[in-house]
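Quick one: the structure is below, and I'll ask about it shortly.
A, B and C are the chain letters, set down in written order, and residue numbers restart from 1 in every chain.
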Amino acid sequence: MTDENHLLPAEPAQRQIARELYQHAKDLPLISPHGHVDPVLLADDQPFPDPARLFVVPDHYVTRMLASQGIPPARLGVPSVDGSAVETDGRAIWRLLAENWRLFRGTPSRLWTEKVLAEVFGISARLGADTADEIYDELSARLAEPEFRPRALFTKFNIEVLATTESPLDELQAHAKLAADGWGGPGGRVITTFRPDNLVDPDWPGWAERVAELGALTGLDVGTYSGFLAALRSRREAFIEAGATSSDHGHLTARTVVLDEAEAAVLYRKAIGGGASEADAETFRGHMLVEFARMSLDDGLVMQLHPGSVRNHNRDLYQRHGRDTGGDIPSATDYVHALRPLLDAHGTDPRLRVVLYTLDETAFSRELAPLAGGYPSLYLGAPWWFLDSPNALRRFREAVTETAGFYNTSGFVDDTRAFCSIPARHDVARRVDAGYLAKLVTEGTLPLDEAAETIADLAYHLPKRVFRLAEKA
Amino acid sequence: MTDENHLLPAEPAQRQIARELYQHAKDLPLISPHGHVDPVLLADDQPFPDPARLFVVPDHYVTRMLASQGIPPARLGVPSVDGSAVETDGRAIWRLLAENWRLFRGTPSRLWTEKVLAEVFGISARLGADTADEIYDELSARLAEPEFRPRALFTKFNIEVLATTESPLDELQAHAKLAADGWGGPGGRVITTFRPDNLVDPDWPGWAERVAELGALTGLDVGTYSGFLAALRSRREAFIEAGATSSDHGHLTARTVVLDEAEAAVLYRKAIGGGASEADAETFRGHMLVEFARMSLDDGLVMQLHPGSVRNHNRDLYQRHGRDTGGDIPSATDYVHALRPLLDAHGTDPRLRVVLYTLDETAFSRELAPLAGGYPSLYLGAPWWFLDSPNALRRFREAVTETAGFYNTSGFVDDTRAFCSIPARHDVARRVDAGYLAKLVTEGTLPLDEAAETIADLAYHLPKRVFRLAEKA
Amino acid sequence: MTDENHLLPAEPAQRQIARELYQHAKDLPLISPHGHVDPVLLADDQPFPDPARLFVVPDHYVTRMLASQGIPPARLGVPSVDGSAVETDGRAIWRLLAENWRLFRGTPSRLWTEKVLAEVFGISARLGADTADEIYDELSARLAEPEFRPRALFTKFNIEVLATTESPLDELQAHAKLAADGWGGPGGRVITTFRPDNLVDPDWPGWAERVAELGALTGLDVGTYSGFLAALRSRREAFIEAGATSSDHGHLTARTVVLDEAEAAVLYRKAIGGGASEADAETFRGHMLVEFARMSLDDGLVMQLHPGSVRNHNRDLYQRHGRDTGGDIPSATDYVHALRPLLDAHGTDPRLRVVLYTLDETAFSRELAPLAGGYPSLYLGAPWWFLDSPNALRRFREAVTETAGFYNTSGFVDDTRAFCSIPARHDVARRVDAGYLAKLVTEGTLPLDEAAETIADLAYHLPKRVFRLAEKA
């Protein structure tokens, strides 16, 4: 098991307080309002495949690090776009990981993996070339046992609610099955999230076809802009019936644009006709953020904004292995100008709720904390993606608390597709928050009892409230 | 009283050294060369109104945090633009603060408030719904006593000099009264600062009217550019007679522009005629910074530059409650290119002195420390506004000292309109500097005696020298 | 001698581990793959001139700090462009430094100087007005002794390899002499680095003349673009024969541009004819980075990119004293978009190796760690120039390790022209890394034995491998 002082401050007095605070958060149920676990996993509740397919193949944190030192993703079993052969032997893939384990020193991937091995699978041997086979065998044996099936682990992990993320074109069959089994639907344990990016980005290959598909799925006429909006609204309703309490928007920038209906309709027709320039596409995406905000005023979905990722930066990787395989790179992201049109229109409407994320840490103290600490509609999401690691989580609290306090932040979001790593990720965040609060206590700026209340709020009550999960439960 | 270890490092050896260093700064008089206290307060020396009007209503740090959690500023007594009713019951406002006190955990507002309650008013009960009335009553009683009048507190606070900030259109009557009472004028305890923003920004509504007012006030012909400059020079003289040693410039960007006189005159005429574009206005503002620098060469006012705040970002708040009510948001700010024209022209002139501030922390190590550590004219101002809190003050020293040293920084600037919080703010800065210096001592990079000299310089001698306060005293 | 705990963490448990880790790096030979020591120094092995010429005159860290407080570089002996008189009395210069020594509190210049005085020259008296002469005399005496000649110190410093930096127009005579003496050439102790900036920047005054000189030196026809490339290739060969394993590129931005050969030829002709616009020049520089990357695929030189310095910002300083005298200022630097063309073309080619540096810390977690942690061709260079100080080195590890690990960083690079400070700089980096690794150990995220292996890799094995020094040895 993990050392009880894991990730806590080194100084003994501070460590002692951090340990005490951590006890107030440690056993609280996990709230996971944003992530990328495949709902089929829980709907079907089949055993996990082999260790490599659990820990390596789908985890772009892991495959990109190995790629950065010259190990091609194909050797790690990452599926190829053209169907050309990739490694299929789980043990061979696992050995590659083990032999190169030193690359992960100091990274969260190592941290999460070791915690999962120890705390989920009871394996304490240190990973390395010499232990690779032994650990592989032990993991394989565990994965075959019923208590390591997804639903059993879900219960063991003490997850109260897990949100997955789907496109509006998803028919939500896995979620329907979960609901039928008493696991899904409004207030359920597994819910969905409405993620319409591929329907509002005319630059994304196949956009018009997907819009047509949306029309077919909803039976609405998407030939007009108003029909397009109606179809999106209809899918939002379906998502809400599948438990969704939030939408998610992953644009290149945070730019928002207010068009009147006529302007928007013209732009939509142009885009559908294939005639939208890059600037038109950016305007359309920015306008659609405002449209989604307006829909939120009516249907109550919390909007999540995830801007700032330059997608598919590694062209070679993208051409061989496609999207979401580790090629995306952050870029400098402006919020103060980009969000102004949206906030001018609806920023103080009590019905609007927007959770803002960033990959650009410089925005934390400069823009995001001042925004979240001033607008009633805005919350500051947890450090995201490249930033969901101990040091970055610490820097987040340091950068934002003095301006936005704790209660304009949304609580931890694991954002993961690695189901088994969920408890490890939440535990890391709880430990880091315990350390941050312990610093305030030892510095004399927060009494211990208030720190204890705060850590429980951060770990549990706050995300539940911010993502409107309590309201539906 | 505050714990003697408040805000000092947790590690015992370092804490011990920090405590020792802090003793060298603790009792030094306060130098407050930049702030927003209303001089009428000290000129008239009337008792403070009720606790809500002292701690809540005028403090946009406080009202914005409450607004961010859905409490409208009107309920906090913030005056409305259209004169519509706002809460007037001080006790009701105070209760709202007390009930929502948890929002301020980890923020400097909480820190300052608690220090003021304890150290100025002798109140050690913890603020909360249950203690709101008791504390309100106690504060009210204190405020009625003569030793809690502004001048008595000024003396008790051990303030040596306090600069307020006025527009060139201000007739400086409060400062005249202070001078008559032996409190103001050159070398006095309360001095003014020349802040001409609303006279050099053609984009600011009512600009031409204010320029006309400047003409009327000075009896000079502001119909020409040279008359406009003469009128500004004349007001600078009046400000210097009221004790000013510095000017303050709060532009959106740090952009400086060198125009020749003919170009500037053409632009001025265009602006006065209402025909200036946004770009023209930016050029004019940038040029006027250079003009003010030139005036400084002659009259010796230290220039303070405060760029990077996007004003009135919250449109709803601005429309209901006007400027300076918590709606401004920082933005990314360039200095290296923006200041180049000014520095090319006058950057190594020994008569020029410019103090640079930022709301964009990224500029500290990248641009501001290299600039201040290279140009004799430049000093680096204290962390400003959203950044004048313990963590941000620490990050400032960490980011700038290695490149600019201590002696190219200007010392702490409280920048506050909350008079009673002045000693608390300076004390926080002194404690943070003690901690930073203690780290250098324990790391073996600075001997203790030099650290002791340095903290006294930072707390007292340096701001006095940088703001040319010693020269006039 | 330096305190054994110098720069190590204050907390005793962490300090103890850091001390233990430091022992694993302390005595490893120094690898200096990038710097600005004059090779003539080692080729001729003459005694160093007086202390002022060793510690003050050529060190723009020192002269800029003194200039920032009003001491003109001429008084410090910095040569003037127009040949006008500057201070020549070494003792007078040294006294100026000593009298103003307080300016350097908290800076790496103080740290390095004190370490050099103590550890190289055995002088432990504290520098100050009262000790200036005594220390000057002692230093002068030491410098006259044979064991303080450059080659003797090189051996004493335990330097395994030192790379200097030369223009392609340099005839490498010093390196030839070093090779003749058994000190230089491929695998030698002193090698060169290919730095072609002044040949690929049409904006740089005298560019066409230098290109002509390149033609004369190589005997190739640089009137055509293909001849220009051939001449550069020819110089690369000469540099490789003088031991070079890397090239260095110090552009204003990191922009890369892919032109086809015809486009490039047109642009080259335009530039040679003096008709290139600023935009053309930027395009040409960006294209040449791609050309140099292509040459690297063939000849194996590691490319170093050092973007983001705005050169000669201090116009007055530049006009009086020329380049590289402390006037350069960093600026915000984009990598994610700028490098994309180069990376699209060659980013996953196993033959390419690029080491990226920055003066803009914000790029570390946002762009550089994600890039280096994803592309096999990219490594992250050590914090550079204004950032090669203890706090900045710490922030670097904090910002990049969680995304890029340790093994996508290149190891410490001293980047110095101050030969005697080389061991001090490496020692600082080793101590900082010991502290960072000790934190991971005490937090429970890295076992001690792996931390010990890591620090030796960072200090020695990694730079040797990344800069392809091992391959030639």
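The working rule: a residue touches a chain if its C-beta (ideal position, glycine included) is under 8 Å from a C-beta of that chain, and two chains touch if they have at least 3 such contacts.
Nothing here was measured: the structure is a model prediction, and the numbers come from that model.
Rounded to a multiple of 5, the C-alpha superposition of chain A onto chain C involves a rotation of 120 degrees. Two copies of one chain, chain B and chain C, touch each other, and the residues they use overlap weakly: the shared fraction of interface numbers falls below half. We define each chain's centre as the mean of its Cα atoms; on that basis chain B and chain C are separated by 40 Å. Within chain C, the positions touching two or more other chains are listed as 11, 332, 362.
Interface residues of chain A, counted against chain B in their complex, comprise 9, 11, 13-14, 332, 334, 336-337, 340, 343-344, 347-348, 350, 362, 365-367, 369-376, 378, 398-399, 401-408, 439-440, 442-447, 450, 453-454. Those residues of chain C lying in contact with chain B across their complex are 2-3, 5-8, 10-11, 64-65, 67-70, 102-108, 110-111, 126, 310, 313-317, 326-327, 329-332, 359-362, 386-387, 389-392, 395.
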